[in-house]
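Let me begin by presenting the structure, written as structure tokens, before commenting on it.
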Amino acid sequence: MLSIEKLNVSIGDKKILKDFNLKIGKGEVHAIMGPNGSGKSTLSYVLAGKDGYDVNGKIMFKNENIIDLEADERAQKGIFLAFQYPIEIPGVFMNNFLKTSLNAVRKAKGQKEVDIVEFLSLVKQHAKKLGIKEEQLGRALNVGFSGGEKKRNEVLQMSLLEPELAILDETDSGLDIDALKVVADGVNALRSPNRSFLIITHYQRLLDYIKPDFVHVMVNGAIVKTGCSKLAQELDKIGYKEFQKSV
Amino acid sequence: MSDNLIQEQIKQDYAYGFVTDVESVQAPKGLNKEVIQFISKQKNEPAWLLEWRLKAFERLQSMTEPNWQKPQYPKINYQDLYYYSAPKSFKEGPKSLDEIDPEIKKTYEKLGIPLNEQKRLAGVAVDAVFDSVSVGTTFKKKLEEIGIIFCSISEAVQTHPELVKKYLGSVIPLTDHYFATLNSAVFTDGSFVYIPEGVRCPMELSTYFRINASNTGQFERTLIIADKGSYVSYLEGCTAPMRDENQLHAANVELIALDDAEIKYSTVQNWYPGDKEGKGGIYNFVTKRGICKGKNSKISWTQVETGSAITWKYPSCILQGDNSSGEFYSIAITNNYQKADTGTKMIHLGKNTKSRIISKGISAGHADNTYRGLVSIHPKASNAKNYTQCDSLLVGNLCGAHTVPYIDNKNSTSTTEHEATTSKISEEQLFYCKQRGLNQEEAVSLIVNGFCKEVLQKLPMEFAVEAQKLVSISLEGSVG
Amino acid sequence: MNTITDIKEVNELRVLSLNLFNKNGYPTKKDEDWKQSTLNNFLENNKQLPVYKNNKELINEKVLENFKHNKIFIVNGLIQRTEFEGKDKDKIIISPIDEYYKSNSKNLLKLFSNKKNQLIAVNNALATSGFYLEIKDNLDLPIIIYHQFNSVIDAKQLHQKNYIVINKNSKATVFEKFTNDNKKSFISINTNIDIQNNAHLKNYLINSNNIENCIYRFKKVNIEASANYESFIFSNIIKTIRDEVEINLTESLAECYLYYAQFLKNNEDHEIKVKINHLAENTQSYQFSKSIIDGTAKGVYQGKIFVDQIAQKTNGYQIIKSVLLSDQCTFHSKPELEIYADDVKCSHGSSSTSLNKDELFYLMARGIPEDQAKKLIVQGFLSEVVEKISDEHFKNYFLKKTVDMLA
């Protein structure tokens, strides 16, 4: 599904990712854990194709190097990023945005575009599952949403767009335990043999709800240790200090 | 709180209004070639400087005073002023601090400015200007050891003519506007600072200006040059005796920051503001401008303006070097019949230039307070950023608060942001404080100081306390 | 024609204004109020345009809106036809402005004021057309005023003076639709609006399809107790326009809401000037303007809130936002406050930026191509103002305009 080879990323003189390597197979769930400033969020941005970074290396997605593709092209190929801080766009309404996005992705996949009636029934169905009120769909994108509402909105978009690779960037930050559970349930419902996940997180908490197949520890822009889900629990006890020392 | 009580609280007396009794040497009254030649001769100036002054004077003949400002003032009779006044004992100039007239020393002691190095404020070098001449500079030796030149500008003309000649008038051209040109023609003294390449000035440099003689205009000239990679923090303070007539203060301050240099310029201005009926007080018509000439350079203006009958000044930054940045932090408090029209200009010429403007205006009594500012982003200033915030606080309903910003953006990759608010101290805020046990005066002082906090924090430690006191004194308890 | 010259009082006022103009001439960049104005250039280059003499003109029926409304057709400044529906017929009075002058000759000083402004002086002196409109009661349907300027006025100047009165307790919606098919003409329209006690006026306006001409529109609106005025001006595809408004909130609880949305491209220039005078207690004003600027276009916003000493408990808000899309476009703003009362809440915010890259990335990360994503952001940016329109029908009408504009 995804194979990252010797990925180097920097902004100006500052190196953020250094010879970063990662392979994610079809249907696998990977978690990347690491302290602040280890380059986790940069990794998610670079995978999604954000401008403003000097990027070198290979990002193979479904056997194609996507490193030169624009963000929309990557999204159309099936990469989805659930943002840590979903942006507020006043005046751009949820319904209009979701429909435009859904149809852009469907068009790229060669699927029929949905009309407004189909769209509304589809979006309501998904929204209901996530406990998103219909009223929220009539509001401007993320404007005035609470932290929990924003994260739920990200999961809603994920379920609508049906990506093949979903990257969750600190999706658990700022959520109380109930909201965390709703979001985790939403993600779990989307797990399938055809869909891979990359979960970026600080704490082990989220991984109690979404069980990963692999856990990676990231320090100073590279993966320093890989293990199974037990590693997450260990980390919770010993912290990242041990790993930081060894680098 | 009753209106009477408010009135009583606003009436804060000017603590620095005494006159020092010293004999002085004055140029004859009036503005003409002879007076300029007299000044130049008194100071033993080289020919090029006299020529420069006369050129300014000639230019002045075809200029008129600007008249777009909010505060109006009666016509100034420029022929009725003295343009040069020096304590007689200084005719030869002070050789060392020990030679200073004890009367003048006493004056500075009353003002809390130590000219005696033993009793100095920790780590502050002071240049004191009394009427038209510099009376003494402290810490000169220590600064000289690391190559810093800190002296009066008259002295610099003698000892470092090449630097003065190169930079004088390079930021504020001879022809800039009426008061700046007037200053170029008749300036008497002021401070000169040169920080050599790579040197961080280890102490705050400071000038205290004192207008003593009557009917005297004060026209000082300050020139600060920060060479590559250097840093300096400079502070000026000002006071004047109480007199019934208005006195004119038209200074020029020029700052030059070369590559990677930083200049921090702070002002605590407490000129005599006039009496409660608006009689007397200083007209503070000052031109202050800095240029960030080199890349990554920075100029920061901080001002606390509590005095003067009329304050009319716009400390500005020309951001020429790429990645350079300019800052303007201002508190302007006007009370009684005081008027202030102040703000800044940020001229973005270079790439990635940044500017930040924080202005706090407080009006009480019959006062008028105007923020006027220009943010101009030129077509070549890619990725320039500006942030402006101006807040006004009104105390009583006989005063005025005005905001006049000009924002011109000519580059699509650049960002300007401007926010302004006008408000009074709300009953809710007062109630909240009182409910927590503060009395009215404490509550108002707390809220006003809170209102100004962002700016007060920018002052060097040594002066922040003084400024904070001034803010409280000017407005304590004046809200009901 | 020129019936106006028959009225002695009017004639005197016109001569006064003309003398004033002759003394001061056209405004220049040296006048603070006209510093950034592009009208200056046009007027400088076209000083000698002949004044258009009014005539009977043909109505362009193609621009009619297809929803039910009351119609007023003004072609080159003159009323050509009116069609009012049902009961509204009895609630609307309309007449040429000179007829109003004749029967109200004692009441004219107000309509000929503002002599400090040179262009108003010219308008006072030269206006030969215009209308008087009075609304006597709540209207069931909106009025659309079709302002049509055709090629007859090519390379001429036309001055129009209007007076609108909304009677006590009445509500009305007036939509002014401008169409221009003329070149190198200078059109000045000076409209006085009185909104009496507890009356409400919604005044929407569209500037569009304006080729190679220059328009100066000045409105002076007096708002009495508990009355309110809501205005929205939408500008797209124009040449040189200055929209100026002076609002007097003369009695307590008077309110005004001014909204502007504009998308300027090519060499389009739009200048907005607002002066709001809070002259009584408990008055409220709100300004919200959003501009998208592209090409070599220029946007200007000068807005001033004045609060009189007696106007306690005033609220005045002003938000001005612009997005610059190209290297050569410019935006100038001057959000001004002049305040003499202490118990007030006034604020202004102004920003100009490039298109938000994070917003663009978010949309593209959802698969939306760059071009489409930009359009969405632009449309969203402008629709934030349009959403403020309180009349549902016109809100949707203008939302559709923002979409069509980008199609």
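Lettered A, B and C in written order, each chain numbered from 1.
We take it that a contact is a pair of C-beta atoms (placed from the backbone, for glycine too) under 8 Å apart; a residue touches a chain by one contact, two chains touch by 3 or more.
None of these values were measured; they are calculated from a predicted model.
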| query | By CA centroid distance, what chain is farthest from chain B? | reply | A
| Pair of chains ranked first by number of touching C-beta pairs | B-C
| remark: Chain centres from averaged Cα atoms put chain A and chain C apart, in whole Å, by 48
| query | So, what's the distance in Å between the C-alpha centres of chain B and chain A? | reply | 54
| field | Distance between chain centroids, defined by C-alpha means - chain B, chain C (Å) | value | 44
| message | Please output the residues of chain C touching chain B within their complex, sorted ascending. | response | 32, 309, 312, 322, 324-354
| query | Residues of chain A touching chain C in their complex? | reply | 48-52, 70-72, 74-76, 80-81, 83, 86-87, 89-93, 96-97, 100-101, 104-105, 108, 140-141, 157, 161
| message | Going by the contact rule set out above, which residues of chain B touch chain C in the complex? | response | 68, 379, 392, 394-424
| task | Name, in rising order, each residue of chain C that touches chain A in their complex. | result | 356-359, 361-370, 372-373, 376-377, 379-384, 387
